[in-house]
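Chains: A, B, C and D, in written order; residue numbering restarts at 1 for each.
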Amino acid sequence: MNSFGQKFRVSLFGESHGRAIGIVMDGVPAGIPLSEQDFTEDILRRKSGAKGTTPRIEDDKPEILSGVFGGKTTGAPLTVVFRNNNTKSSDYEIFKVMPRPGHADFAAGVKWENFNDPRGGGHFSGRLTLPVVAAGVVAKKIIGDVCVNARLVEVGGVSGGEEQWRDVLDQAIKDGDSLGGIVECSIDGVPAGVGEPFFDSVESLISHAVFSIPGVRGVEFGDGFYAARMKGSEHNDPIISDSGECGKNGAGGVNGGLANGNPIVFRVAFKPTSSIRKPQQTYDFATGSIGTLEIPGRHDVCFALRTPVVVEAMAATVMADLMSR
Amino acid sequence: MNSFGQKFRVSLFGESHGRAIGIVMDGVPAGIPLSEQDFTEDILRRKSGAKGTTPRIEDDKPEILSGVFGGKTTGAPLTVVFRNNNTKSSDYEIFKVMPRPGHADFAAGVKWENFNDPRGGGHFSGRLTLPVVAAGVVAKKIIGDVCVNARLVEVGGVSGGEEQWRDVLDQAIKDGDSLGGIVECSIDGVPAGVGEPFFDSVESLISHAVFSIPGVRGVEFGDGFYAARMKGSEHNDPIISDSGECGKNGAGGVNGGLANGNPIVFRVAFKPTSSIRKPQQTYDFATGSIGTLEIPGRHDVCFALRTPVVVEAMAATVMADLMSR
Amino acid sequence: MNSFGQKFRVSLFGESHGRAIGIVMDGVPAGIPLSEQDFTEDILRRKSGAKGTTPRIEDDKPEILSGVFGGKTTGAPLTVVFRNNNTKSSDYEIFKVMPRPGHADFAAGVKWENFNDPRGGGHFSGRLTLPVVAAGVVAKKIIGDVCVNARLVEVGGVSGGEEQWRDVLDQAIKDGDSLGGIVECSIDGVPAGVGEPFFDSVESLISHAVFSIPGVRGVEFGDGFYAARMKGSEHNDPIISDSGECGKNGAGGVNGGLANGNPIVFRVAFKPTSSIRKPQQTYDFATGSIGTLEIPGRHDVCFALRTPVVVEAMAATVMADLMSR
Amino acid sequence: MNSFGQKFRVSLFGESHGRAIGIVMDGVPAGIPLSEQDFTEDILRRKSGAKGTTPRIEDDKPEILSGVFGGKTTGAPLTVVFRNNNTKSSDYEIFKVMPRPGHADFAAGVKWENFNDPRGGGHFSGRLTLPVVAAGVVAKKIIGDVCVNARLVEVGGVSGGEEQWRDVLDQAIKDGDSLGGIVECSIDGVPAGVGEPFFDSVESLISHAVFSIPGVRGVEFGDGFYAARMKGSEHNDPIISDSGECGKNGAGGVNGGLANGNPIVFRVAFKPTSSIRKPQQTYDFATGSIGTLEIPGRHDVCFALRTPVVVEAMAATVMADLMSR
C-alpha cells in the first residue's frame, strides 16, 4: 500500500498529471520549527535542469495543509501537497496499446483494468518522489543530530564525479540513449541497538523504502555483494573501542539487523532511464504483433543524477520511524 | 518487530538455546491438506551435515500446535514449533565481555541492556530460519502453481556448482576460515499486476523479507547492479507477446513495483560465516583494550550453503501475502 | 494514529482552523464512478442549520486531489480535501489557561506540550468528521449492495423523532444548555462469515471506528446492555432458515465476531455538547484556583443530531475494509 | 486477524480441543522478572469451579517457550502456551448440521467452508481467553504502577455481589438456563495525554480489545449510555486541580480520545451463556426444517463470573501498547 512506517508513518498520494501529489506524515513530534521554506534546499537538489536531466522544469512549491501552527509542528498529522501546474498530457492513450518497455504501463493496466491514470506514468511516475523528499526534510528534523548523506558515485559505469562522467553523458545525449548510476548513502550518529529483530532489521526497512523508489535494481550494505567473495577473516570487523567502533565497517553499520554504532552505509543501483529518444520495439495490442514505438517528450538522460536526495529522504524516514519507537 | 505480512502474516519467536522456536501463521486459507511430514523435505535442505556445514546435527522435528484439524488447515492461526533439544550452552557470558566480530553480541547487549539470551546467539541465531522454512512450506501451498526456486550460484567467489567450489571450501576448512556465497531465486507463474504501489512493491517486500535473514549483504533484481552500467537501449526489454513476455527479463519480472508476468528473478549476497576457528581481535570490556578471542564450538564454514531454501521460504511468504490481498 | 483499516485504509488529517482537512483512502478498487457531486448528499446530512445545531454554516466543498481520472477511480490513493475558509479564530489561548470541561484542551496540551493548534479544538474538533463522511461515501460505493442506515432514535432522553424531542430541544436552547442522543445503525446485506477472529471481530472494528467519533460514550450490539439482564433462553436466537436467518436478531447480526447473515445492528450513545452557553467552573492555571469560564461562539445544542451520517460512514468504512480482505 | 497492538503486540493462536492454545507477545521490554508462577493468580481468577461455572476443571498450566532467560524477559518475543490435555470431544459434527443458537457454528462454517475445527467451539471458544489472561499478566508488569481492576457488578439483572445474586443463579441452574452480567473496570494512574488521535483513541483501542472477548454485547465509558440522557451542565466535569482532576469523572477518564489523568472507567455487558441445558430450536440442515437441539456437556451457567480478569487483561494489554509508544 501507500503507507510506510509504524511510529513515523507516511502516506503518499497523487498522480503525475492529476491535480496534486502529496504526503501525510503521522507521528511527527510536536514543537519542531517548520516552514515551507525549509523544503526548498532538498527540493532543489531533486530538480531537473542540469546536464543529463530533462530541460522541463516543474514548479515544485510545497503547501503545508495541516500539522503546523505558529511555525511549529502541532503533533497532529502533517500534510504537504504540491499542485501539478504545468502538465502537458500528450496522447498517453497510445501507451495502453503499445506499452513502453521498462515502464509500468502493461502491469498497471492489467492490475487496474486500464482505469489507471496513464498521463505521465500516473501514480507510477518518478514525480511521486517529490513528496518523498518533503517527508525526508521533516524526518531529518526528527532525527536531529543523526546525519544522512547520499551522493552519486557512478554514472554509466564511470565512477568519480561530474568531471569524470561528462563524456558518457554527452555521448548518451547525442545517441538518444540513457544511463544508470549508483548512489551511496551514509547515516552517521545512529546509536547502537536501533532496529528491531527479526523482520524490522535496519537493512530490511531501508531496503523496503529504497526499493520503492522507481528504477532501483539493487541495494547492498557495507561490503555488499563483494562480501560474498571475502573470507570471514577479511570481512569480519574487529571492534576496537567501547563504543563499538569497527575498523573497516564492512558490515555497513549493522549486525544482526541492529545498528552497531558505526555509520550505516549502503549503495543503491539505479537503472538507466526507460524513456529514450531511440525508437524501440514493443508489443502492439492493436495489431497483435511487435511494432516500433517512439516516445515523445523530454526526459532525463540519467534520472539517477536527481536521486541522491530521494535516497536520503528514504533513509531519514526509516531512521525517524525506528528511532521514535 | 517479529511479524511480517498483511494478509498472510507470520510471527516468529524463539531463541537458539531456549525451550523452543516457532512461528504463527495467520491468514492461512482453510482446507489446505497439511501434515508434519510435509515439512520434511524443505527442512532437510536447510540441515547441516554436508561439506562446509557444521557437523553438529540438530533435531528439527516440527510440531503443529494449532490450525490443522483432520489433516487440513482450519482457517485459524497455524502454529509450528521446534523444541531445542540438543543445546550445549558453553560459556556464552564471555561474548558479553568480548563481543564476537560480525555478530550481534555488542548491538543486542546495548539494545536489551544485556538481558538478551546470549546462548547460541539467542534470538539472533541463524536457527531462527528454521521456522521461516516451515512458513515457506505453507506459503508454497497457498500460492499453488506459482513455483519458487532458489539455488546457490557462487561460493567464495567461485561460480558454478559443488564441483567448482570444492577446492575453495577445502582450503577454508583447512585455514579455519569461512566463505560467503550468492543465491539466485526465481519465482515463476506470478500473474501480472501483483504488487502494491508505492511502498509495497514486489521488490520492497521481497528485499524486506530477505534482508531479515541473518548474514545478507545485498539484494538485486534482474540485471541488478549491472543495470547501472547499461544503456537504456540495452537494459530496456521489448514486450514481445500479449501476455507481457519480455525478451531478456532484465527487469527481473517487475516494473513499477508490479509483477509484469515474467519470472521474478533476484540474487542475494551472503557474507562469510562470522564464527571462524582462527583467533580474532575484538574489544575486551573487562580490560578496556583490544584482546584476542577464540570462538569455541563447531560452525558452518559457509552457511550460505544452507540458505537457498530459506530464501525460497521468504519469497513464498511474500507472494502468499501479496497474492492473498 | 490517524490511519484505520488494512485493505481499505483511510488516513485523516487537518485541524479545525488550519488550511484544510482531508482524508487519503488507500485500497479503493479501480473503475468506480466518482465525482465531487457524489459527496453532496451525505455532506448535507452532516451540515448544521437545523434546530438544535449551530447557526454557523460552514463551506464544505470537497476537492478530489488524486485517485480519480476520467470520472472513475484509478486504483491509486484517493484524496479528498476541504479548505477551511470561514474560520474566525477568537482567542483560543484562554483555553490553554482555563481548559474547557468536556474538551480535550487539558489532555492535548499535556500530550503535545501546548504546541497543539488550539483554534476550534484543532485536530480534536468535530469538524474532522467531515472527511470521515467523505470516506463513507466512497466506502458505500465499494460495498455495493450492502446498505448502511443510521438514524437518531433518542434526544435528551426522549425517543421517537423530531416531533417528540422538539420540546426538550427548545428548553435546552432557552437554558443555554445542551443535550445528548442515541443513534441506531443497521447494516443490511453483509454475507455470513465476514469478520476476522480473534481481534478483528465485526464488533471490535466497528466499535474501534465509532469510538473515534468525538463525543461517543457507549456502543452496543443487538440486545446490547439489556442482554446482560436476559436469560440464555430469551437472548439466544433460533436459526430459522438455511441462510442463517434469526428470529429476533438479539445478537445484532454477529456471532463469534463474524457476520451471521442477519442485519448488523448497533447503537451509539453521544454525550451532550460540551460547549454550552451557561458559565462553567474549571481550573484556572493562571491563578491556581477554580474559576468561572464562559465559552464564546455558537455551538450545536445537540451535535448528536448531525451524527447519523458519521456513524454510517464509519460503519461503511469498516465493512469496505472487511469485505475487501 | 489474531494480532493486536502496535508496540506491545500479541498474537493469539489455538483451538479449544487442539494440541495447545497460546500467545506470542512482541515488544516486551527486556529485564522484567517473570516466571511461570507469576501467571497462577490471574489464571485462578478465570478458573471454573465456583457456583454458576462449569464443574469441568481444566488444567491451565502455562509453559513459557521463549523470551525469558535467567528469570527475566530478554526483549525477544515472549511465548506462552497451554496444552489442551483433558479434552473430551463428543460428537461436535452435529453442530455443523444443527448450528447452536448464539454460537459461531453457522458463521464459522460458512467462512471456513466447514474446515474449521468444530470441537469445543474450536478457535471461537472462550478457552482462547486463557492466553489473553497470560498476556495480561505480562502487560500489568509492563505498565508498572498503573493499576487495573475489574469486578462483576451485576448478574442476571441483580447488582451488588455474590450474596445478592445467589438466588438468581440457583434459579437459573435449576431451570437449565443461563445468565449474563456486567463487569466494571477501572484503570488508575494513567498519565494525562496517553492515547492517539484520531483512530487510536483510548476508547477505540479498549473497545476493540474488549469486543474481541466472546460474548460481549456492549461497552461504555464513564456515564456511558446514561450520558445521552444528561444535559451538558450535568455531564460536563469541572477540572478542579492542576493535575486535571475532575469532580465526577463522567467522561470515564478520557477526553478527545486521550487519558485526562483521572481513572479510566468502563463497563462491559456480557450476554448469558449460549449453551444451556434447555432444549432449543434451530435449523436442521439435514432435514431442511427447524428441529430441536439438546446441547450435551457441562457449561457455565454464567460465564460472566469468570470474565473480570479477562477484561483486566485486555485493558492492561491496551495500556501496555499505548504507554510503550
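Please note the rule applied: contacts are C-beta pairs under 8 Å (C-beta built on N, C-alpha and C of every residue); 3 or more make two chains touch, one makes a residue touch a chain.
Just so we're clear, the structure is a prediction, and the values are computed from it rather than from any experiment.
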- prompt: By mean C-alpha coordinates, which chain is most distant from chain C?
  reply: B
Task: Give the pair among A-B, C-D or A-C whose set of contact pairs overlaps with that of B-D by over half, matching residues by number.
output: A-C
Message: Nearest whole angstrom, what separates the Cα centre of chain A from the Cα centre of chain B?
response: 26
Message: Measuring centre to centre with CA averages, how many angstrom lie between chain A and chain D?
response: 45
Task: Could you put a whole-Å number on the gap between the CA centroids of chain A and chain C?
output: 37
- prompt: So which bits of chain A are touching at least two other chains?
  reply: 1-3, 6, 12, 76, 111-112, 123, 197
Residues of chain D that touch chain B when the two form their complex: 1-3, 9, 11-15, 18-22, 24, 26-27, 30-31, 63-69, 72-79, 81, 111-113, 115-117, 119, 122-123
- line: Counting only contacts in the complex, chain A reaches chain D at residues 6-7, 76, 197, 325
Statement: Touching chain A in the complex, chain B uses residues 1-4, 6, 12, 99, 101-104, 106-108, 110-112, 121, 123-124, 128, 154, 156-157, 172, 175, 177-182, 191-201, 203-205, 207-209, 211-212, 214, 216-225, 227-242, 244, 246, 251-252, 255-261, 269-276, 278, 280-283, 285, 288, 290, 304
